[in-house]
């Protein structure tokens, strides 16, 4: 069986700065991957490349068996490759329910309908509400997102992504800015997502990484250093080198 | 506010129905027929300007697309309606439809340019396209009459019955009906899934592709609709006044409608209408005294609104009414 | 034919230099703060009316009025920057446009109130009237003077930007505002000074423009469009870009009006729209 998402020889440079060099990854279906590495290792750039927000200089990206290297960002989303952002990028004045309903409507291709009132689309609204409820946001969803607590906004990010019915979900530091005691809850919510979903998440907190990831990819200076199970990564001398003695990589 | 937090359908239906205030507002627009019959021509112009402002609100207030040259479509509608009547086709309703169709067509063509740009480049390009059309109309005086305006516009009676008389009775009824009809369309559009998508674009343009949205397609669509409605407004002006001057395409007109909308409150559906009423009535009152210095006060008002009242008059009002327990959309 | 071509080129270049003076300040401040200041030409108008008043009412010599025009416009612009503009640096483009259009409206009305709507006549000194012969060409003395002043100003600007501490700060701020702040540069102060300088140059341009394009209250609107074209085409924050764009626009506008008078300003607007569609950041824009 082919993998859910894979890349071959992905390259990107900004001027003289190489941010992605010969990146080859292969994410099997349903696996929880953590992407770790020091600051500036190119983790977010990799997500930008995978989701089409940045164009690679060379290499290819495959979603399932299909080559998606040339597709636009929104087409990749429609095909099931979806991301969240490190910093909240929400719709500040829309409430959470409106935001997630919009994502559902976009997925259904009904967002262009202008002659019917929104409440008529009961199924889309129910689906959006269901997603919000599953993330524990049911009684917050009438509030404009900009008025919600930061941790709740992080959950709305994830709700937006889920509403697009992803096959592969890329989470860029889903718990960034969330207090440590709340981030466990957030990752529990992520861990509770469907097993059919392939997830790659960037995270700095090693406790969280080792608890929730089934495999780990370590990136350094735009390259993949090593890939393996948490147990393998924990004892890998190269990883120790990067994290303990690797000040020069920061 | 008594929204049930746990009923999603109630949350999304809130504020979509007709409120009593809205119904009273529209009924009040009939009052000029009785109360100020000598001002019906002005009332007609106000209705037309309000419609023009509503068309701008659709792109600026809801989708967040700035246009510094919206008069292009107003002028296009006006010249189209004027020219076909001059060519012998004076029936007003079909004239209106043809003008709207042409404005929509040009709007659709231009939307491919508009949808690609943001920020300063967008401001400059809309400004430039508006100026371009103004210059073109000025140069093509064989067609448009140039700076002298289009002469010889003759409109047949509405439904072959109601003449466009000097008192403006037919004119106001016609313009008001046009405004109301277009308003209904705009209102429905705003409350639709498409309206939600537009607000999404306004709120966060870069996030839209990440939920799978084709923002450019949305922008092209609303820009075309907005152009058509602006075209209707222009055609109404040409038909009710039976003249078309070069001014319909001017930057001044683009700036005026922007001021009106901002004054009333963008993104609020009624903002453009309230703004038009206040602006036009005030201009009519002040111009008698001091026509030259009208823009002094408008300028001051604009500065004050931007600094003190960022959501326009309706925004300020709604802040007050929310405090008192009601809502005004 | 050749004679007229050279004449058009010369007049167009002089006109372009005028546009450069009027627009360079806007270009630099836009590049620094991304602040869309549509009132820039109102500063030029301040300079113009100061010169007119000093010459016609107080009998000053023309040349002596130029520094005053510069100063007056600089003072007005920094006053507005400190009181109004700075509140909107983080606001949307639209709010910035609206505020500054409001200022243009007010300035147009104020000018009309004090000076009427007529074109302002000024008496240029005798040595700037008529024509002079340079390298076998007969050219307008005033235009030659205009070119001389503009080139001198450009040279001073480029040198100041290149070799002074203040210039280095401005360059850093245009290049990357956040990094400049990180380096401890007082960007707000640098910006305020740049803004005053840019406004002053516009004022000087306004004073020099009276002889060429006239001065009436609508100046703030009419030439705003030309200035925006220069800025948009030249690219934000680029003095060289503004200079090149102003030259191109000045010459093509002059040539258009000379050879195709029936087209009016059509050509210029078309050039702008096409260039912006091709390169939204202007010919020399880097970001």
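Think of it as A, B and C in the order they're written, each chain with its own count starting at 1.
Note that in this section contacts are C-beta pairs under 8 Å (C-beta built on N, C-alpha and C of every residue); 3 or more make two chains touch, one makes a residue touch a chain.
All values derive from a computational prediction rather than experimental measurement.
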Computed over C-alpha atoms, the centroid farthest from that of chain C is that of chain A
Averaging each chain's Cα atoms, the one nearest the global Cα mean turns out to be B
Expressed in whole Å, how far the mean CA point of chain B lies from that of chain C is 34
Chain-centre distance (mean CA atoms) for chain A and chain B, in whole Å, is 42
Cα centre of chain A to Cα centre of chain C, whole Å, reads 49
Chain B residues touching chain A in their complex are 3, 5-6, 8-9, 11-13, 16, 188-189, 191-197, 199-200, 203-204, 206-215, 217-218, 221, 225
Seen from chain B, its contact residues with chain C in the complex are 60, 66, 68, 113, 117, 119-121, 123-125, 127-129, 131-132, 135-136, 138-139, 251, 255, 258-259, 262, 292-296, 298-303, 305-307, 310
Chain C residues touching chain B in their complex are 30, 34, 36, 84, 87-88, 91, 93-95, 97-99, 101-110, 112-113, 117, 221, 225, 228-229, 232, 236, 262-266, 269-270, 272-273, 276-277, 280-281
Interface with chain B, chain A side, in the complex: residues 51, 72-74, 77-78, 82-83, 85, 89-95, 97-99, 101-103, 105-107, 110-119, 121-122, 124-126, 128-129, 138-142, 160-161, 163-164
